[in-house]
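Chain naming follows the written order as A, B, C and D, and within any one chain the residues start at number 1.
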Amino acid sequence: MLSVRDLHAYYGKSHILQGVNLEVRAGEIVSLLGRNGVGRSTTCKAIMGLVEPIGEVLWKDKSLVGLRPDQIAHAGIGYVPEDRQIFPTLTVRQNLELGMKRAGRFGRWTFDDMFQLFPHLRERQHNAAGVLSGGEQQMLTMGRTLMGDPDLVIIDEPTEGLAPMLALQVGRFLDEIAHRGVSILLVEQKLTIALKISHRVYVMGHGRIVFEGTPAALAANEAVRRENLEV
Amino acid sequence: MSVPALRLTDVKKSFGPTAVIMGVSLDVAPGSRHAIIGPNGAGKTTLFNLISGRFPASGGRIELHGRSIDGLPPHEINRRGLSRSFQVTSIFPRMTVFENIRCGLLWSRGYKYSFWHLVGGQRALNAAAAQLLADVNLEARRDVPAGLLTYAEQRALEIGITIAGGADTVLLDEPTAGMSRSEADHAVALIRRITAGKTLVMVEHDMSVVFDLADVVTVLVYGQVIASGPPAEIRANRAVQDAYLGAPAEVA
Amino acid sequence: MEVLLVSLLNGLVYGMLLFMLASGLTLIFSMMGVLNFAHASMYMLGAYFAFSVSRVIGFWAALVVAPILCGILGALIEMYALRRVHRNGHIAELLFTVGLAFIIEKATQMAWGLLPVPYRVPPVLDRALFHVYGSNFHAYRGFMLLISVLMFVAIWLLLTRTRIGLVIQAALTHPEMVGALGHNVPRVFTIVFAGGSVLAGLAGVIGGNYLVTEPSMAATMGPIVFVVVVFGGLGSLAGCFIASLIMGLVQTFAVVIDVSLADLLARLGIQVTSTTPLAEVLTMPLPRVGALLPYLMLILVLLIKPRGLMGTRDT
Amino acid sequence: MSEGVARTAARPLAAGGAAGFLRRQWPWLAALVFALVVPWFSFDWSTGRHSGFIVSMLSQIGISIIFALSYNMLMGQAGLLSFGHAVFLGLGGYVTAHVVNATKGGAFPLPLELTPIAGALGGLAFAVVLGYFATKQRATAFAMITLGIGELITSCALMFQTFFGGEGGVSTNRMTGRSLFGVGYAAPIQVYYLIVAWTALSVVAMLLLTRTPLGRMANASRDNFERAQFVGYDPRMVRFFQFALSGAFAGIAGALYTLTYEIVTYDTVAGPMSANALLMTYIGGVGVFAGPVVGAVLIVLLQSWVSLLSNSWLVYAGVLFIMMVTFAPMGLTGLVMMHQPIWRAGRLGRLIGPYLRLLGPALLVLIGFVLAVELCSFLTIGAAQGKSFTLSRITIDPRGARPWLVAGLLLVGGGLWLRVAMRGFGAAWNAVTEEVKTVGTRA
C-alpha cells in the first residue's frame, strides 16, 4: 500500500533524511524504531507533506509528493503527531468531529466505538479538551485521527510520557485498530510494545534505515540493538 | 559532603492539569559528572528548564552552591555560574561562529552593556574566544554564519557557547543527540576535556556516552526519580530496565 | 442625569462600531499572526462602496452589497498576493499590508475625489427614536446598535456552532494538525481574511454616514483599532469586545465631562497658577484631551498586564 | 551622497594600517567626497548662488540618512519593528528649536554647530522615558506600543502650546550669530555642509556602535533572545539601551531638520514620518549596515522628483513596498550581497545578458503602470485642481480612449514579455549559482 523509496528531507541546511526506504502492506503493523534525532518524526512528516519530501512516496501506486497534507489525508492516511496537538478550546466531542472528513458520514468508526474503546472520554465528551490529562489527550488524538476513517495510520510515539499502565492500554488499542483492517506505521521508542504487535520492524540510524526484519530477527540481532537502541 | 553545587528539594511542575515533575529531590556534588536518563517524556528537559529558570517551578526549592535561585530569571542564574545547552540547538544563526563564541564570553569578561568598547580591539577577549574556538575545533569555520554549519558542528558550537561564560556548573541537554558514532565519541572527548574541574549535569539517551562520562546516574521516569547511583549499579538495576523498556526485559 | 444616560448609549454605539472593526482584525491576527494595516482601509472602502451603491439601488441593498464587495476584495488579496508573501516571514506580511494601505488610500482619492463624500443616513432612520430627559436618541444610532449586536451574535454562533467555525477555531492554534485531518487550511485562511474584510466593510457601511466618509478616515480610525486589539489582549475576541466598549465609553464621556486636573487639584486645596510647571497640561480640559486617552490607557494597561486585558500571547 | 557600496562596511574594522583602512573603507570616503563636491555641479556662476532645490534635497538626504540609520539600530540590528520612531526626530527638533531661541535671547552662548548635541540629548531623554514602557515588550506588542506612543505625541503636539506650539509649531532663526568658525549660516549651503559634517559623524558613530558589546548583543537578542538570556544578558536591558541610543541619533536628525527649515511642526512626530523611516530602511535593506543609506538616498530622490510631477507618490511608494516585500525582502543591498559569491567566482559576467533582457520588458511595464496611474489621478483629482496632464508639451486628455489603450497595451504586452524574460533570468541565475557551488569561491 505505502512504499517510500530514497526519501530525503532537509530542515534549513541540515540534511535530516538521507535516503529512507520502507514499505507498509495492507493490514500490516510496521514499527519504526531508533534513537532521538535520527529522523523518525521527520519521516512521518515528510510522508504527510508537513515537511517537503524529496524522493518517491507512493500510496496505492499514486505519488503523494507535492500534495498538501489535507489531500494526503483525503487519500486515506491518518497522522497522530508526537506532541498530540489536541484543540484545547473545543470540547472532546468537537475534537472528534473535526477528525471526520465529511460532516455526519461515519466510516469504520462511530462516536460510540470511540467511547467504547476509551470509556474516560465518554464522561468528558462535553468538557473542553484543554483540561484532559496527558493519557486522555493521547487517547483523544488517536481517536480523532481514526474518525477520518483512514486505511493507514501513522502514529508518532503514542506512549511518550505515559505511565507504564497507560502505555499497555495503548498497545491494546493498536491491536483493536489492526483488527478493523487498518494498517499502522508505528514510531516508537519502547521496544516491548513495538516488538509484541508488529509484523515487521525497521530500525533507523542517521537519516537511513539500518535494519529491516521480523521482531524475532531484531531480538536476535545484538549489534543493531546496541548500536541504535537503548538496551 | 561539602555544600552541593546543585540541590533540588521536592521540586514539582505541572502544566495545567498534567503534572510533569512530581517531587524530584537531587544533590549534585561539586566537580561531579551527573547524568540524568529516562524514557522519552519522563520530564528530563522540563527539569533542566526549572533549574535554569526558563520556567518557574510549581513547588519545592532549587539551590546553587547553597543559595536559593527559585524564581530568578535565566540571566540572573547564569551570572551566578550556571549555564546550559538546549536539546534543540539554540545558537545565533546570522552571526559568525567566532561572534557566537564571543557573545558567550562578553558578560563574564565584565563588558556588560558597554557601548564604548570596540570588541574588535579587545585582545584578551578575542584571544579567549579563539582559544575556545580551538577547543571545540571549529577554527576552520570561524567566519561562517552559524546557521550554515552542519548539525554536529552546530551542536559543538552550542557546547562552546555554553561553557564560554566560565560557569562552574554546566547543564548539557542531550549533547550527542542525532550524532553518528564517531561524532558522538568526539563530542564525549570534548566534553570531558572542557568540563574538567567543573560540575556537569547531563541529559543523555546514548547509554555508552552515559557510562563513559558520568560518575553518578539518576533515572527519571514519569516525573519521579526511581534510582540514583554509580553507573554500574544502575545498569544492573531491574526496575530501571523495566521502566525503560516499558515491560519485563525478556523480549517476546 | 440625562447627560449620563445619553452618553452611555452613545458610548455603547461607538464601542460596538469599534468592536466590529477590531473583531475582524483580531480574527485575522490570531489566524495569521500578523496585524493587518489595511484593515482600516477595508472599513473606508466599505463606506465608499456603500455611498456609490446606495445612490444606485438604495441604502438597504448597499448594506448587503458593500460588505460582500469588501469580502471579495479581501479574498483576492489573500489568495493572489498575501499568500506568496507568507514564506518571507511576518515582517514581510505586515509591510505588505502597509503598502496596501497606501495604495487603497490614494486609489480612494482617485476614485471618489479628495473631499468628503455626501454619504448620508437614510431618511427613514433620520429622526429621533425616543425622547429621554429633554434630549432625543437618534434612530440611526439604535439601528447601528442593532446591527452590531446582531453581527456579534452571528460571529459567536458561526464560530461555536458551525463546522467551519470549529475548523477556524482549531486552525487558529494548530493549522498543521487541521491540515493533516483533511481540512483545506489555505482555504480557511482565505475565508477568515475575507470574513474579516466583510466585518470591516459592514462597519464602514454603518459607520461611514454616522461619522464622515473621507479619504483620511482610515488613517484616523486605524491606530485606535490597533490600540483596542492590543489593549484587549492580542488574539482574544472576548478581550477585544471589552476593550472596544471601554474605549467607546471613555471617548464619549471624555467629551461630556468638562473638568481638568487643575480642578481636581483645586478640590485637594492645591491652587494651580500660570507659573506652576506644566500649568498648561494641568489646566487642559478633558474634552480637548479626548484624542490622547486611548493611547494613555494602552500604555498604562501594558504596564500592569503586559499581555493586555485577556491576552494569551505576546507576538 | 553617493550610494556607499555595502560590501566593505559589513566586514569588521580589523586592524590593517592606513592602506588597509583606505582599501576597505573607500566607498564611505568616496561618498563623503561626492557629498562635498556635488552642490557645485549646480552652482550658478553668474549669480554666485547654488540652486535652492538641489541643496535642500541634499540636506534632506543627509537628515534622512541619520534618521534611517538610527531606525535600523532598532529594526535591522535589534529586530525591533517600531511604528513611532519619528517621535524622537520631532522631539529632538522641538528641543533644538527652543535651545536656539534661548541662545538668541542670550541665555547661554551655544555655537550653532553644537546645537545638534541638544537635539541628541532631547531625543535621548524622551527615548529613555518612552523606551522604559516600550521595551518591556518585543515583536508585535512592541510595534503596537510604539504606534500608540507615536499617536500620543502627535496629539500632544497638536494640543499643547508651550512646548509644541500647537498647530503652528515652533519657529526659530538659525542666525544666532554664535558660531565656532564665524559662519553666519544665512545661506542654505552653509547649513548643508554642517549637515554633511554631522551625517559623517553619526554614520561613523553608529557603525562603531555595531561593534560594541551592546551592538553585538543587540544582534544576538535579535537572532535568539532566549540564548542571549542564557549567556547572562537581560534582553530587555539590551533593547532599552539600544532604543535610547537610537533615540539620541534620531534627535540629531531632528536638530538638523530644525536648522534647515527653521520651523518644527507636529508632522515631524506624526505617522507618515515614521512610515518614511520604515520605507527607506526596508527598501535599502535591513541586513546590511549601509542599507538604510542607500534607501534614504533613493527614497528622497524619488519622493522629491515624483512629487514635482505627480501627486500619487503614495501609490508608487505602496507598489514599491509590495514589490520589494514579495520579490526582494532583503532589500536592495541584500540583492547586491546575493551577487557577492558569484562576483567572487568571477561568474558575474554571465548574468549581464539576462539582466539586460529583463530591462526591456520591465521598462515597458513601468511606463504602462505610471501612465495608468497618472491617467486615473488626472481623471479625478487633476480635473478638480484644473491641472491638465501634459507630458513634455503634449497634453493628454484623460477622458479620451487612446491613452488608456496605450497604457493597457504597455501593461499587458510588457507584462507577458517580462514573465518570459523572468523565467529565462531564473534559469540563468540557477545555472550560475549551481556552477559557483561546484567550482567553489575564488577568494
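Just so it is clear, a residue touches a chain if its C-beta (ideal position, glycine included) is under 8 Å from a C-beta of that chain, and two chains touch if they have at least 3 such contacts.
All figures in this text were calculated on a predicted structure; none of them were measured in a lab.
Enquirer: Counting hops between chains that touch, how far apart are subunit A and subunit D?
Expert: Minimum number of steps from subunit A to subunit D: 2.
Enquirer: Going by the stated contact rule, which chains contact subunit C and subunit D alike?
Expert: Looking at subunit D and subunit C together, no chain touches each of them.
Enquirer: What is the chain whose Cα centre is as far as it gets from that of subunit C?
Expert: Greatest centre separation from subunit C goes to chain B.
Enquirer: Can you work out the whole-Å distance between the CA centroids of subunit A and subunit B?
Expert: Whole-Å distance between the two chain centres: 31.
Enquirer: Please report how many Å separate the Cα centroid of subunit A from that of subunit C, as a whole number.
Expert: Result: the chain centres lie 44 Å from each other.
Enquirer: Could you please state the distance in Å, as a whole number, between where the Cα atoms of subunit B are centred and where those of subunit C are centred?
Expert: So the centroids are 48 Å from each other.
Enquirer: Would you please write down the residue numbers of subunit D that are in contact with two or more other chains?
Expert: none
Enquirer: Connecting every touching chain pair, does the picture come out as line, ring, star, complete or other?
Expert: ring
Enquirer: By the touch definition up top, name every chain pair that qualifies.
Expert: A-B, A-C, B-D, C-D
Enquirer: Which residues of subunit A touch subunit C once you look at their complex with the stated criterion?
Expert: Per the stated touch rule, the residues are 48, 50, 68-70, 72-74, 79, 81, 85, 87-90, 94, 97-99, 101, 103, 144-145, 148.
Enquirer: Under the stated contact criterion, what part of subunit B meets subunit D in this complex?
Expert: The contact residues of subunit B facing subunit D are 52, 54, 73-75, 78-79, 83-84, 86, 90-95, 99, 102-104, 106-108, 111-121, 161-162, 164-165.
Enquirer: Which positions of subunit B touch subunit A when the two form their complex?
Expert: 16-18, 20, 39-43, 147-151, 154, 174, 177-178, 180-181, 205-207, 222, 242-249, 251-252
Enquirer: Could you pull out which subunit A residues touch subunit B in their complex?
Expert: Of all residues in subunit A, those touching subunit B are 12-14, 35-38, 130-134, 137, 157, 159-164, 167-168, 189-193, 195-196, 205-206, 215, 219, 227, 230-231.
Enquirer: Which residues of subunit D touch subunit C in the complex?
Expert: On the subunit D side, the touching residues are 81, 133, 136-141, 143-145, 147-152, 155-156, 159-162, 271, 275, 278, 282, 312, 314-315, 317-322, 325-326, 329, 376-377, 379-381, 384.
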